[in-house]
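Letters are used for the chains, namely A, B, C and D, taken in the order the chains are written, and counting of residues starts over at 1 for each.
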Amino acid sequence: MSDFQPKIVAFVCTWCTYAGADLAGTSRIKYEPNVKIIRFPCTGRIDYMFLIKAFANGADGVIVSGCHPNDCHYVSGNFHARRRWIVFRELVDFLGMDVNRLCFSWVSAAEGAQWAKIVNSFTEEIRQLGPYKAYMELVKKDKNESVF
Amino acid sequence: MEKPRIGVYVCWCGTNIAKMVDVEAVAEEIKNVPNVVVSRNYKYMCSDPGQDMIINDIKEFKLNRIVVSACSPRIHEITFRKTLKKAELNPYLFQMANIREHDSWVHTDRAEATKKAKALVTAAINRINYHEPLKELSVDINPATLIIGGGISGITAALEIADADKKVYMIEKSNKLGGYTADIDLTYPHLSSVQQMLGPMIERMKKNKNIDLFLETEIKEITGYIGNFETIITPKNDNETKLSFGNIVVSIGLRSWDPSPLENYGYGKFPDVITSVEFEKMLLSGNIAKKDGSIPKNIAIIHCVGSRNKNYHEYCSRTCCTVALKYANQLRSAFPNASIYELFADMRTMSKGCEELYTITSRKKVVFMMFDQENDLPGIRKANINDNCEMIIELNEKRSRKFVEVPADMVILMVAMEGREMVKEVAQITGVSLDGNKLFIEKHPKLDPVATTTSGVYTVGSCQGPKSIPDSVSQARAAVARILGTIARGTAQVAGTTAHININICCGCQMCISVCPYSAISFDAEKNVSVINEILCQGCGTCVALCRPNAIDIWGCSNRQMTAELTALLLSD
Amino acid sequence: MDSIRKRARELLEKNTVKVVIGYGVGSDNTVRAIFVRRPEGVEELIFDETCVQNLAVYLLKNEIKQIGKLCIIANISALRTILQLASEHQIHEEELLCLSVTPNGELLEFTGFKDIENYISSCNRDLPDKESEMIKKLEKMSVDERWQFWMNHLSRCIKCYACRSACPMCYCTRCQVEYNQPQWITVEATLMGNFEWQITRTMHLAGRCVNCGECARACPEDIPINLLNYKTVLTVKEKYNISAGTNANIDSVMSSFESDDKENFIR
Amino acid sequence: MIERVDATLVNEIEKFGKGGWNDCFHCGKCTAICPLTEQEFLFPRKSYNDIQMGLKDTLVSSFEPWLCYYCGDCSKKCPRNANPGETMMILRRYLISVYDWTGLAGLFYSSLPALIFALILVAISIIGIGFIKQFNTESIMDFGHHFEKFAILGVASLILFPNIIRMFWYTVIKGKIKAPFYAYIKGIWDLILHMFTQKNTLKCEDNTFRWFEHFIIVIGYLLLLFTTIFLNWFSTENAFIIWLGYIVAGVIFIFTFDFVLGRIKKNKEINKFSHPTDWMFVIWLFLLALTAFIVRVFIDTDLINNNLWLYIVHLIILAQWAILIVPFGKWTHFLYRSFAIYFAQIKKSALIKNIAAN
C-alpha cells in the first residue's frame, strides 16, 4: 500500500494559494509531486461540481484552497465559498463519500511553507487511505466512458 | 469556431526546469495530443528569440492557440500575451503550464517531475481548445474628478488636479475645509504651525476656477463606472446639481473615538480628564488650564485609549504616540516645573524625526511608564485632600512590575481614530469595501495602496488607515498622479475576463446580484433577468458557481475550459 | 371545507381572482390538484389532513400564470414555498391570494407576504419524525454503510426527473442536467450520473428547500431523496440558524455569508 | 501603602551627579551583561526605572547600587549612552547622603564650596591647636597621636555607627525583610570577608588587577592605621615597625598614584567621570601616605624638629581625612557596601524561605 501514488488535484485561487505555491517554488521547498494545481480566479468560482468531477475522473483526493478570511482579493469570494463547502461537505458525508479525501485550506501568498506542508500531509493521508475504490466502482458501473 | 491549431512551447529556463524535467521528452510526447500542430522546446521562451519563435510559428503554421509550458503565469502571462498581440493573434488564445514553481523547483525525482510536467502541459492543451478570442473593453474618461472630503488629503488632491487644469468637484459634509487638520495647533516632529500651512491652501481652493466647492453637501448615490460616473447632489441653499466625472477620490478621513466606554479612565466623570482632541483645542486657543481655571501641576498623558485593544479598535492609531510626545514638549514649555507623566503601552514613534522627538522629550524630565494594554489598564480615581492633587491614577507599571499611584491634575487621553459615522454609506456609494475596522481596503496593500478594487475610485488619507499629514499628502499626490495619467490617456482598458449572462436562461432569482462584491450585476425588470456590467465586473466568478441554471459563465475560466483542464490533468496522469 | 368553498366562490364571482388552485378528489382515494375557474366548480374543492401536496409548484407554470390573478389553497409547505419564491423574486404580492385553514378548521386569508411570515413563524417547521429518525440512523452508520445504503437506492433511479418536476423550487429555465458543454451529468440513468444528479439537486436546493417532501412523494422508485434535502435543511439550520420559506425579503443562505461563519475542517 | 510616583525626585538625585537616566529606554542590555546582577537583585536597569519614576522608598531601600563595583561594561555597551555605571555611582552618593543623619554628606556632595570651606576650617583648627601648643614638636606629635585615636573612636561611634543603624532601618525594616535571626549570624563572616577583600570585584571581567590594587590599598591603609595609632609609628624606635610603616606608606603611595593617574588619563570606563569627591578621595589618600612617609624620613634624619610645619601639614591632611572624608565621603563605601552585601544575603535567604513557605 505504501508505494501507492495517489492522484490529487488542487483547486486554488490565483491570488493567494497559487501565489503561495509559487513562493514554495521560489523558496525551493520540496514536496510530494502527487498534487496538481488548477488555477481559478477565486475560491468563490470553484463550483462543487468540479470537486465531484475530480473524483469521477480518478482523483483519490481533492484539495481546495484560497485566501484566509478577510483577505479575499475579490472581497468576499472566500466567504461564499466557505458556506458552500460547509454544506457540501456535510452532504457528501451523508451520502457516504469519504470526506477525509477532501482537504479545504486557507493558504496565503506568503505561506509557501504552509502549502508544502499541506501537500505533504494530505498526500500522506491519502496514501494511507489507499485508492478511492468505492468511487472507482461507481465510475466503472457507469456505461458511459466519457465523463464530460 | 475554426478548428484549433495549437503550438506548444516547453521552456528549459536554462537549467531551472531542464535539470529536473526532461523537457525534450515532454515536447515530444505531447505532439500526439489532438490539435497540437507544433511542439518545441527551447532554452528561454521569454527571451526575444523565444518569442520570435512563437511569432514565426503562428505565421508559418497558422497557429491559433498557444501553450507555453514554463514558469508561473503570474510572471510571464502578460509577456506572452503581448507576443500573441504582436503576431496579430488574440492574446486570450493563450495558456501557460507552470512547470517551474510548481514542478521542477519543488520536486526531487526527475521521472516524477517529468510525468507531472506532461500532465500539466496536456491539461493546458486540452483546455485551450475551448479558449475564445476576448475583447478588452475601452472606455472614455471624463476629465473631471469628484473628491469626497475636504481634509488635508482632499485639499491636496484637489489643488494638484486643478493645477493641471482639470475640473474638480469637492464635496464636504461640514461647513468648512481643513477637516481634522484644521483643529491642530502644531505638527510633529518639528512643532511648526498647522494654521500657517493650511490657511493659504484653503484660500487657493476658494480662488481656483477649476474647483467647484460644495460645502454642507452629502452624496446619496453614484452611478456609472470608471471614466463615466454621475451623481446628483443637493447643496445647501442651492438647487439640485448633476455632476459627471471620470474618477473619484475618497478622502473622508477618520474621527476621534469617544472614550466613555472605557470607564476606568473616567472620561465624562472627572472634568479634567480630557481627550487629545480637546487638549489640542486648548493648545490652539493658547490657554492650558483645568476646568476651574487653575494651572495643573501634575499632568498625565495616557496612550492607546481605545487603540490596540480587541474590544475597541485592534489597530494602532499610528500618530498618537508622537502627538503625545508633542504634547509633553508643549506642556514643558508652558509649565517648566510641572510633573509630566506619559503612560504608554508601547512607544511607537515611526517616521522621520519622531524617534528623535522621543529622545528630546525624555530629556525634559518627562516620566515614561508602561502599562499592559491587553490585561491591565490603568484606572483613575478621585484624590483625597491630603494627596495634594486632583486625581490618582492607579497603574500596574509593566516594566518594574510595580503597582504605583500617579498624581494627576489633568489627564489627556490619546484617543483612537475610527471610521466616520457615514463611512458605510460612502463605501457603498463608491463601491469600495471596508475591512473589519471600517477602514477602506486598498487594491493591493503594498503595490497599489491608493487604488481600490473598483476602477476609477481611489481612497487617500486616513480613511484608509490612521495617517500623519505627510503620509496623507503623499497618498493624495499618488492618487492624483494615477488620475492624471488616466485622463491623459483618455481611455481606460478593462480586462476581457469578465462574467456574462445568457438572458435566455436567467430566471431572475437575483442571487448573483447579492453575491457580487462590485455591484456589477443589476436587474432588468422588464426582461426579468440579471445584467452584468462588463466594465465593473472584475471576473471573480462567484456568481458563476452560484448560478443554478448555468446562465452565467466567465470568459477565460469557463465551465467548459475548466472541466477540460481537469479531465486531461487526471486522465493523463 | 365549507368556508373555503364559500370564500372561493366569492372570489370567483367578484372576479377578484381568475383561478383557484386547490385540492380535489383524485382516482383511487387520492387527492389531486384542481384548477377552479368558474364559481360552480368550487364544490369540488376539498381540504383536509390528506392534502399534503405542495400546490405552490403550479404558481410558476406559465399556463397558470397567464390566466390572471391566482388564488391558492395553501398548506404550510405551500405557504413557505411562496415566501421562498418571493425572496427569489419569482412571485409578487399582487399576483396572488392565499387561502389556508388552521388545524382547528379556521379559514385564513393572506393578502400579503407579511401576513404569511407572521403565520409561519407560529407554525411547526420541524422535519417529520420518521425522516428525522432516519437521518439520525444514517448518521450513526459507518461511511461505507451509508455509501452502500445510497448505492442500493440510487441504482434504482431511472432518471425520470419526477423529483425535479414535483419540486416547487426547481423552476430553472434550463436545468444543469440539460447541459452538454460540459456534460455535467450523464443523460441515461447510470449509477454515477444518478449520484451526481442527487448532489446537484440537493446543492441547488440548499438553503431553499422548505422540506415539503414532494420530491420523495413523486419518486416512482421510492428513493428517499427527501432525506438528502432534509439533511441539508438541518445543516443550514444548525450552522446559520436560517430556515427557508420564513421570510420573503432575505438573501438566500448560499448567496450571503457572515464573516465569522463557523467550521472546523478548514486547515 | 502603594508607592507614589514622583517626577521631582530626579531633581534631588541630580545634585549628586549628572546621570544618563533620561536616555534609558529600558532595553535591559546593561542588566544582561552585568556579571554581578542576579535574579533577586537586578541592576542597573531596575534602578533606572526607580529613578525615572521617582520611587524614593524603593530606591532608598535598595541594595543594588552597592552591589555594583563599577566595571563600566554596562556604560560601554549601552546603546543610548545612558551611562549606567556612573548612575550607580551617583546613586551610591545619594544613598550615603540619605543614610547620614548629620546631613553633611549630602551637603559636601552637592556643594563644592561647602566642602572646601570645611577643609579650610579643619586646617585652621589644626594650625590653631599648633598655636595653642606653642608649636612644640613633642606636644604636637603627642596631640596628633591622641587625636587619631579619638577621631576614629568619635567618628565611628557618633557618625558611622548611627548611620549603619539608619541604613538598617531604611533597607531592612522599611524594606520589610523578614529573616530569621540565625541568618544575621550566618552572614557575619561574609560581612567581614567582603569588607576586607571586596572579592565580588573579581566577578567583573578583566578586573583582577584593579581588585589587587584595591585590596593592597585597603590592607595597606589598615596597616598604616594600625602602625600609626596602636604602634605609634612616628614615636617608636622599633626598626620592624618603622620598616613596615615605610613599606606600607610606600605601597599606598604608589597605588594611589596610579589611581590618580588613571583618573587623569580617563582610559578606563570607571575613570571617565570624576566627581570632585572622587578626586579628593584618591588625592587625600595619596597625600596621607606621602606626608606620613616624608614625616618619618624627617624623623629618621632628625630634621623634624626644624621642620615642624611638615608634621602639621600631615596632621591637617590626616584630620581632614578622618573628620570629613571618612564619615561623609567615599571611604564609607568600605562600610556601606559590605553591610549592603550582608543585608542583601539576608534578604535573599528571606526570599528563599518565603518561596519555600509558599
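To be clear about the criterion, contacts are C-beta pairs under 8 Å (C-beta built on N, C-alpha and C of every residue); 3 or more make two chains touch, one makes a residue touch a chain.
Please read all numbers here as calculations on a predicted model, not as lab measurements.
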Any chain in contact with chain B as well as chain D: none
More contacts between chains, A-C or B-C: A-C
Farthest chain relative to chain D (centres taken as mean CA coordinates): C
Central chain (distance from its CA mean to the mean of all protein CA atoms): B
Where chain B and chain C are represented by their mean Cα positions, the distance between them in whole Å: 44
Rounded Å distance between chain A and chain C, as computed from the means of their C-alpha atoms: 33
Between chain C and chain D, centroid-to-centroid distance (C-alpha), Å: 97
Chain centre separation (chain A, chain B; CA means) in Å: 30
Multi-chain contact residues (two or more partners), chain C: 176, 182, 254-256, 259
Contacts with two or more other chains, residues of chain A listed in rising order: 48, 53, 70, 76, 80, 84, 147-148
Of all residues in chain D, the ones touching two or more other chains: none
Chain B to chain A touching residues, read off their complex: 72-74, 98, 100-103, 105-109, 112-113, 115-116, 119-120, 123, 433, 435-436, 441, 453, 497, 515, 517, 538-542, 544-546, 554, 557, 559, 562-567, 569-571, 573
Complex contacts: residues of chain D adjacent to chain B: 2-8, 10-11, 22-23, 25-26, 46, 49-50, 52-55, 58, 80
Interfacial residue positions of chain B with respect to chain C in the complex: 436, 504-512, 514-515, 523, 546, 548-551, 559-560, 563-564
Complex interface listing, chain C residues touching chain A: 135, 138-139, 143-151, 176, 182-184, 186, 188, 190-193, 195-196, 198-200, 202-203, 206-207, 227-228, 231-232, 235-236, 239-240, 253-261, 263, 265-267
Chain C-facing residues of chain A, complex: 48-49, 52-53, 56, 69-70, 76, 79-80, 82-99, 103-106, 118, 134, 138-139, 141-144, 146-148
